[in-house]
Amino acid sequence: MVERLKRFFGDDIKTNFIFLTIIAILYPIIYVFSPGWGVVLGHGVTWISALLGFNLLFGYTGLLSFGHALFLGVGAYTVGFMYKYLGINNIELHLLGGILSSTVVALIIGPIVVRYTRIFFAIFMLAIAQILWSLYYKFYWVTGGTDGIKIPRFSILGISLEKLDFATYHHVYFYFVTGLTFILVYIMWRIINSPFGLTLKSIRDNETRARFIGVDIYRARLYAFIISAIYASITGVLAVNHHRLVTPDIAYWTTSGKVVFATLLGGARIFIGPIVGSFVFHIIESFAMKFIYWQMVMGILIIAIVILMPGGIAHLARTLVDVVVSHRRRGG
Amino acid sequence: MLKVEDLHLRISNTDILRGVSIEVEKSEVVAIIGRNGAGKSSTFKSIVGIYKPSRGRIQVDDLDIIKLPPYQRVAKGIGYVPEDMRVFPWITAKENIYLAAYLSKNLDKIDDIMNMILTIFPEIKNFLDREGFYLSGGEKKMVAIARSLATLPKYLLLDEAFEGLAPIVVERFKDAIEMIKNQGIGVIIAESNVVIATKIAEKLYVLERGETIFHGSPSDLLNNQEVMKILRGS
Amino acid sequence: MHIAGLGKHGEKAWYQYKLIRVYNPRETIDMLEIMDLLVRIYNIFFGASVLFLIAVGLNIIYGVMKIVNLAHPAFFVLGCYTIAGTGMGVMINIFGSSIIPLLITPPLLAAFVVAVSSLLIFPLFLFISGKGDEVQLLITYGLLLIFEDIFRLIWGSEPLRASQPFELAGSLSIGEYLIPVYNIYVIISALVIALILWIFLFKSKSGLLLRASSMDIEMAAALGANVKKVLLLTVLIASFLAGLGGGLFIPSASAMLGMSVEFLVLAFVVVVIGGLGSFLGSLVGAFIVSVLRTITLILFPELELALIYIVAIIILTLKPEGLGGGKKW
Amino acid sequence: TEIYRGLAPPPPPVREEIPTTPIKAGIQAYLTGGGALWGKPMMQGAILAIEEINERGGILGRKIEYVVKSETSPEETVREYRTLVLDEKIDFYVGLISSSNTPAVGPVAEELQTLTFFVDGCTDFLFESVVPDPRFCFRITNIQSADGVAAAIGAIKLLNLTEKDKVRIAHIHPDYAYGRNAHAHMQITFEKVLGKDRVEVVYEAFPGLFKITDFSPYITEIIANRPDILASSLWGADVVNFYKQAIGYGLFEKMKYVSCIAHAASPAEAVKDFPDGHIAGVHANYFFLYPEWDKYPINKSFVNNYYRRWGTYPDSPSEGAYVAVYLYKNAVEKAYTMIGRFPEVDDIIRALEGMTIYGPAGPIHVRAEKPNKHQCYKDGIVGISKYDPRFGFSVLDKPIVIPISKITVPEGWEGTPDPKAGTLAYSWIRETWREGVVPV
Amino acid sequence: MEVLKLLKVKKSFGGVRALDNISIALSEGEVVMVIGPNGAGKTTLINVISGYLYPDEGRIMYMGEDITRYPPLERVGKGIVRSFQLVNTFDKLTVYENILVSVLSRKKYQYAFRKILDEYTDALEETENILKLFGLSDEADENIMSISYGDRKLVDVAISFALNPKLIMLDEPTSGVATKDKDNIMEKILDVIRKTKVTSIIIEHDMDIVFRYGVRIIVMHQGRIIADGEVEEIRKNEEIKKVLLGGVYA
């Protein structure tokens, strides 16, 4: 069946792995050249998980979540609380905690929100994310309010990284996250190519009909929602371990906006889209921040990109690859 | 005269129309027939201005309207009933009709228009104050036709006008088309049903894969085995 | 930075407020509590008026063009800046300190300026109408960012004031209570605007056209509606209302950067509660949000923001289309 | 005095060649949002100092170049800080207003080993809990507790609160570290000095920082609770909105407003509407009219230069940034006299610790020991607001100076931060002050 | 055996009586064609049986069980399947995937995500079979939007059949299809119905088709059943002819 589906560029697992590998190989070179851009790549790889999760909902299930910051926030604050109240700084436990807490949150709100689609779903998610944000923000004595919670460097398998110098620490972080991302990408690819993946696509295309062939669309969406939540929370966990600071900003709606834009930039509905998008987005953002009027630069870039590349980078690349392939076929 | 010449239309890299030509005089009923996907609706949408043809001419009474936006075409006398009705859902059937009259600046004649509509479709009276959303398939069709009549068109384009209407309504509607025609209006219907088309139209055009492959009288068509074969799809 | 019109500010100290004594009750404790309540209700009306003026335009654009215009609050803020940054100074130069023209002209000027500037981005709106939700959200979000920096570019980063009408109108004194008269003016204006808008939408032919276009604009075109004109009318009405709102609101506050985003979040909740694209919903929603804000401030300040969203969610759960009813408008 | 404390005896002067390459400074300031009211003057203060120094030939002949970055949310601020250090390769850094950002950037500065002068972001948490033993971070403006305590004591003295039987207090503070700290410190000071039984808190509100444009619901609640004084640490665009609306509701006629920060920012903008007769605290303890110009020419020349360059009067962030650059210059030059070559970061830090220089606000001292190591200190100033027709805005009347040593945790004090308020200053006041006694 | 039984079912919208005291019984394998003027209540009838709408009064029995209040999904699980008046397919999927979705759903694989599709050979095989049955094998890998309208109608019906229904309801399956194709499609559908012996309700306006293929015919008018019988009976009944056919087929 999987061969039966036309395997386009970017939808097979190979291109994804090759792309990630190239980044992992380029990273040290870039870091030597400019540590700042090396750190940007670190951001890029950190966000892949959330974007993959978002794309499962948006690209494959047809639910545009404008509140994905909710789960990044859950992941982030799980880490914050684990450290603040339990003194835990093992990243494995953080990940586990993030996965558990996001599953719980997704199970609580999922059954309600998956009953909505389109802009209503978007707004609903936005509202819930804002609630959580306001709680992080307002319950100062628990969460540290806008000042957030400082966390120390994490430890892997009990090995503390406190003593490393900045660069080494950052390299360890980068390769740890990249390794994790390989696994996450593979799992997501399996999910999308499973019967469940096809069911999601059918719901996206025609929800009424899907219901009438016996798909419990709410149940299917709920599963997708939970998976998506877990993926997003993993980015939350990783990101705060990167900044070593947990603030309500990560749960604010602008973060959700970032998730949406980065995914679309890369190309929704194409498997590799979010992965490409994550890197390119962070590069663009860092570039824009170099200007005093960076908001304007960012705004113009967003508008230009959405207008000029409606399908995202992956779509553009696919079209190019198609042209080259068909050209070569014709030639030889 | 409404004259369509050598119309070409391309949507997302497929040629949908490849040289369609049609002529309708005032007081004439013309049918466009063709199998599903032949391009009937696309021809209509191009005439109305919803699609932008890449090549060709559309003339109303010797005036080329191909560059005009839809609303100016309406002012030139094009009336249109889409195949999927597209009755405005959250205003009443009556408001649907009023709006059409208002947009075509016929609000002063609204009483006459309503009278005419109710003679053709007396059923409409039953659901004048029902919002479009709640109408049944056939009821919507009636409102859609009534609405286009309210623009007092010179040329009326009816896309699959008989589809989904009960036979009794179809009969009455056929008479109405005769009546409309006699008021000096040119009527074009898009039909996939050859029998109905040959019964009401004086002139027939057959479309196949976006091309006009035949035009002539009903008897010509029935005698043209080649075209009939294509229409039968065998 | 010198702010036009505020140069003369120093001539007036705060205590020179004009006090209008209307009523001087024997002040018992009961009376005080009733007064507290009345002032709160008055505040609720004021808050609701401002929110309504923002949300209604958001709804009109959504209704007709199906665009969730994240940049809409920036129109409102543009109105604020127009007056606070430039307009009020000009008006004072023309009218001096006579109160009536200073109440009336700034909102109109702001509305005019915002409506005219909306023409500049109208092509962008044409482009995104009919595109996917995500495209619209992103492009209007991009616009919002650009607007913020345009404000900074033109008017700088200090908060700007245009308080003269607010000060000239003075306060109304009821017993020991003072309430700013200007806020009453805003409330009444909002009510009048709502009434005019209602008549326009539901009783006029153009209103019928606007509502029909909101359901199927292509069909409206095929019946003879000039689509561009309809869309232009929509954007103009929405931005005009936003500008009017900004111009009305600004004398009671100050124009500052980042304001658009704060208003956006609130306006969004208003729209969700009231129903996307629903005119009446904007009124209802604005009122509910304003009531909630006041109640939480008294009872559970920690939940100030959360409660608004919680109520929005409850309403969405019970009535996905919002309180404005399932029908559009 | 303490100027040379902690320094080893001068080594033999080697006098190595000083490089001629420019020194690179990184400046990070709010340029957008409600905080721009403070960010812009801060940037201007730093630039003024750099220009002055360059005009006079730079530091040991080396000119200073600068890069400006935006201060925004903590996450992005940290990222921009990193690019300043990693890509721009700055030699020292001057920046930050927000108390949310300093605790975020502090640890990163230590990690990246970059000499970092925080202009503001004055939360007590920074040097108490987040970076308790800093090497590379310094902070110029006063610590928050000094603001809060000074304002409360100023209010007690200037309003003669000790004569009242009972004082009803309402609080309104922005919802973040600074506001929370201010709330705690003002409250504990009132309680200690006036006596716990004589103080009654009738209302507290923490509106989000720069999130509210319509304060009328808050104002109504405050009035409805009929306090005698309203303690506040609103700043930036928030105060501008608050004052105006509060006037409309007659708030200032019904109570005394006690602000620990009102007159700190861009006076022409922030205190235009400020009503007369209320307590005007000066965050970071600088108001451009004090110390008086004729008695203290450093201030006069600063104000004049600043006005000539930027067209407005300086405020506390401009003074802070200005002083930061001069601190760096003085430390480099001092270290040079010791070691005879252009100093490394460690040398500069050693020179900075315990140093005292004279800035526009008077002497400023860099603390070398814990607690609050690397915090700079100067005396507090509080006054009564009074409209001044010369300037067209409100200035301080009857200013009183509150010696910093009396109101801040002394060097070497070993206590633990109060668990609720979170700060050491709070515990120190609670544990060491005698109830009912005005400490200054 | 009685598959479906409606007992005095009523449904009105405001003042409109869409279903007025409807009682019908269908035995196994029976094929019923429903006709009636516009607004007679035909679509509403299907909506009520499939659970899309709940009746105001009356009961719906299916296989001896009262399903009046069952949600639509449960009814699908029990084998009650419907198609829609307009084509209703999964627009971004291929023909093959369209049917596969349906097969997976019946086999209760629809939420399985541990293995990829390749490993579900039984479902893949079955999909091929259904494609063959409807003569769609050649178009299997085409995108659904790129095949002809008539074929899309067929895919639509095939999706329903992939669910192995016991009761299938088709709302104007040939509407919008060209005359010649109408017969073609109807024949194919009826062929499959006969082969699988599934009980069916088909709404149709086209009298030729109704009389050519119909066995039992139900005539609705203003929410009521005004006739229910064999083709010949209906054809002969003058009353019905007048109300319904306006004398065309007289």
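All chains are identified by letter, namely A, B, C, D and E, in their written order; residue positions are counted from 1 within each chain.
Here is the rule we go by: a contact is a pair of C-beta atoms (placed from the backbone, for glycine too) under 8 Å apart; a residue touches a chain by one contact, two chains touch by 3 or more.
Note that the coordinates shown come from a computational prediction; the quantities given were computed from them, not determined experimentally.
S.K.: Using direct touches as single steps, what is the fewest number of steps from chain D over to chain E?
M.R.: Minimum step count, chain D to chain E: 2.
S.K.: Enumerate, in label order, the chains that touch chain B and chain C alike.
M.R.: none
S.K.: On a CA-centroid basis, which chain has its centre farthest from chain E's?
M.R.: Farthest from chain E by mean C-alpha position: D.
S.K.: Taking mean CA positions as centres, which chain lies farthest from chain B?
M.R.: D
S.K.: A-E versus B-E: which interface comes out with more C-beta contact pairs?
M.R.: Higher C-beta contact count between the two pairs: A-E.
S.K.: Can you check how far apart chain B and chain E are, centre to centre, with Cα atoms defining each centre and the answer in Å?
M.R.: Whole-Å distance between the two chain centres: 30.
S.K.: Can you check how far apart chain A and chain D are, centre to centre, with Cα atoms defining each centre and the answer in Å?
M.R.: 39
S.K.: From the mean C-alpha coordinate of chain C to that of chain D, what's the distance rounded to whole Å?
M.R.: 36
S.K.: Report, in whole Å, the distance between the mean C-alpha point of chain C and the mean C-alpha point of chain E.
M.R.: 52
S.K.: Mind pulling the residue numbers of chain D that touch at least two other chains?
M.R.: Touching at least two other chains: 31-32, 206, 208.
S.K.: By residue number and range, which residues of chain A touch two or more other chains?
M.R.: Each of 137-138, 295 in chain A touches at least two other chains.
S.K.: Return the residues of chain C touching two or more other chains; collapse runs of consecutive numbers into ranges.
M.R.: 148-149, 152, 305
S.K.: So which chains end up touching which?
M.R.: A-C, A-D, A-E, B-C, B-E, C-D
S.K.: Touching residues of chain D toward chain C in the complex: what are they?
M.R.: Of all residues in chain D, those touching chain C are 30-34, 36-37, 39-40, 204-206, 208, 210-214, 216-218, 220-221, 223-224, 236-237, 240-241, 244-245, 247-250, 252-254, 266, 269, 272-273, 275-276, 311-312, 387, 389, 391-393.
S.K.: Quick check on the complex: what are the chain C residues that touch chain D?
M.R.: Counting only chain C, the residues touching chain D are 1, 6-7, 9-10, 13-15, 17, 36, 39-40, 43, 46-47, 50, 148-149, 152, 156-159, 161, 163, 166, 171, 173, 176-180, 182-183, 252-254, 256-259, 262-263, 293-294, 297-298, 301, 305.
S.K.: Considering only the defined contacts, which chain E positions touch chain B in the complex?
M.R.: Residues in contact with chain B: 13, 16, 36-40, 43, 85-86, 148-150, 172, 175-181, 184, 205, 207, 243-249.
S.K.: Which residues of chain C touch chain B in their complex?
M.R.: Touch list, chain C to chain B: 205, 208-209, 211-212, 215-216, 218-228, 327-329.
S.K.: Could you list, by residue number, the parts of chain A that touch chain E in their complex?
M.R.: Residues 1-6, 190-191, 193-199, 201-202, 204-206, 208-216, 219-220, 223 of chain A touch chain E in their complex.
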